[in-house]
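One structure, as structure tokens, below. Some questions next.
Residue numbering begins at 1 within each chain, and the chains themselves are lettered A, B, C and D in the order written.
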Amino acid sequence: MNPFTREIIVRFEHCDTAGIMFYPRFFALVNETVEDWFASLGFDFKTLHIDQRKGLPTVRLESEFVAPVRMGDRLKQSLGVEALGNASLELKHLAVVGDRAVARFDQTLVFTDLAGMKAEPWPTELRAAIAKFAEIA
Amino acid sequence: MNPFTREIIVRFEHCDTAGIMFYPRFFALVNETVEDWFASLGFDFKTLHIDQRKGLPTVRLESEFVAPVRMGDRLKQSLGVEALGNASLELKHLAVVGDRAVARFDQTLVFTDLAGMKAEPWPTELRAAIAKFAEIA
Amino acid sequence: MNPFTREIIVRFEHCDTAGIMFYPRFFALVNETVEDWFASLGFDFKTLHIDQRKGLPTVRLESEFVAPVRMGDRLKQSLGVEALGNASLELKHLAVVGDRAVARFDQTLVFTDLAGMKAEPWPTELRAAIAKFAEIA
Amino acid sequence: MNPFTREIIVRFEHCDTAGIMFYPRFFALVNETVEDWFASLGFDFKTLHIDQRKGLPTVRLESEFVAPVRMGDRLKQSLGVEALGNASLELKHLAVVGDRAVARFDQTLVFTDLAGMKAEPWPTELRAAIAKFAEIA
């Protein structure tokens, strides 16, 4: 499996008064990566959330921040699939600046019907797209 | 040890298109709780960050989101000290709506000099205030 | 007409790398004031947006930032009604630190049905509550 | 003068519970456009704010929101220089989805020394870069 990757420049708005990334902003970037990855699989968040009224609430998120991230840094985010359950998905995120890891995230999402806020199995096509990305036989 | 507690009403801006709290906003509320707790100990973030150029970067944050939080919910956040190290601090956060836990966070912070972004030992008075709160002998 | 007022302490998360309020965060505080005012009138945003599927999009917002606002400042926000139209509402906001005005906002909102994103007349009871607040005969 | 332009996809995090852009997030996008434009002129925000301790506080911002912006919309933002003063800068922003204007912003910034929070004249090279962009003789 090759991870999904994207690169951003750390912006003014991501940084706190010390000029380093404020950690709640980092979680917004984690969410953006998932959003971009889903779009790359052919499942954009607008269709999913607005048209189909499905969601992907995070139920677990373990985070390690191993080095400060500064305004202007070129941040490379990558994401891989750790496990694909009936309704759940476990992702491993890595964030790197230059050749140095700056943060790691282990995230568990659950496919959810927004009307009743109930977990439900991944739709067949979305599941197939995730499995293909993850090279799960 | 009695935990530090505060209560907020979940706002429009905290919620996503499903009307439930968007998890990056939850981390901002975790940070607000730490900010309010420090202020209650007599150490406000303005003095700490701006005047003294010290910071409290988070190096580890484990999160569990066990039930959705909705706009208008009365969210009770509480925080207790798990461990006080030489330069580090481990906090346990609980967030409750009504009598139901909605989220838990285990957070490790490190007292840091912002000029060099180096960890340094807690200042004596701040350490004493935290230890008194935590009822550490 | 007495304005609606509220007071907050300017937080870490509101401030940019210069330690002063980042202006997009100020607009979030303007929105919070409107949210708190509506709640004080008996019309909370959760009922309005989620249960009734109505919204209050801003169509015009003129802003003046006359003095910097710093972390830790006690910010007093006030809001008064300038005009109440068939579907629109014009508000004047003032933000003060100590005895000094720091910002002013003129905001026009429109009562809107979210399903069709069409303006519609204020519901009778909500209109009456706004008119009473504004002491409009 | 050709305006500076950029294009983004409206994200999940920009949108409120109605699935339309929450206006405080729009101001963050206005700020991003200014940040990207400055970078395109050779003056990145990190160098300006962190290394040189200069800032660009907004003192006036007039906004018109003429049509709702929805998740997934391709938003084209453009920015032109209206006036370049001794220490000030007046920008006109236009935001378009498809062939339809969705928002307009008139913004006045002031070049500021962050240590004393005092306006000061534009540095010669930065002023020249802005004037060249604006085709001011």
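Here are a few things to note about the model shown:
Rule of thumb we're sticking to: a contact is a pair of C-beta atoms (placed from the backbone, for glycine too) under 8 Å apart; a residue touches a chain by one contact, two chains touch by 3 or more.
Because the structure is a prediction, the values reported are computed rather than measured.
Where the sister copies subunit B and subunit C meet, the same residue numbers recur on both sides for over half of the interface positions. Remark: among chain pairs A-B and A-C, A-B carries the greater number of C-beta contacts.
Subunit A and subunit C have CA centres that are 33 Å apart. Per-chain CA centroids place subunit B at a distance of 28 Å from subunit C. Taking each chain's centre as the average of its CA atoms, subunit A and subunit B sit 23 Å apart.
Within subunit A, residues 12-13, 16-19, 22, 24, 28, 31, 49-50, 71 each touch two or more of the remaining chains.
Contact topology of the protein chains: fully connected, every pair of chains touching. Residues 16-18, 20, 22-25, 27-28, 30-31, 49-50, 53, 55, 57-66, 68, 114, 117 of subunit D are the ones touching subunit C in the complex. Across the interface of their complex, subunit C is touched by residues 9, 11-13, 19, 28, 31-32, 35, 39, 44-47, 49-50, 70-72 of subunit B. Listed in rising order, the residues of subunit C touching subunit A in the complex are 12-13, 15-19, 22, 24, 71.
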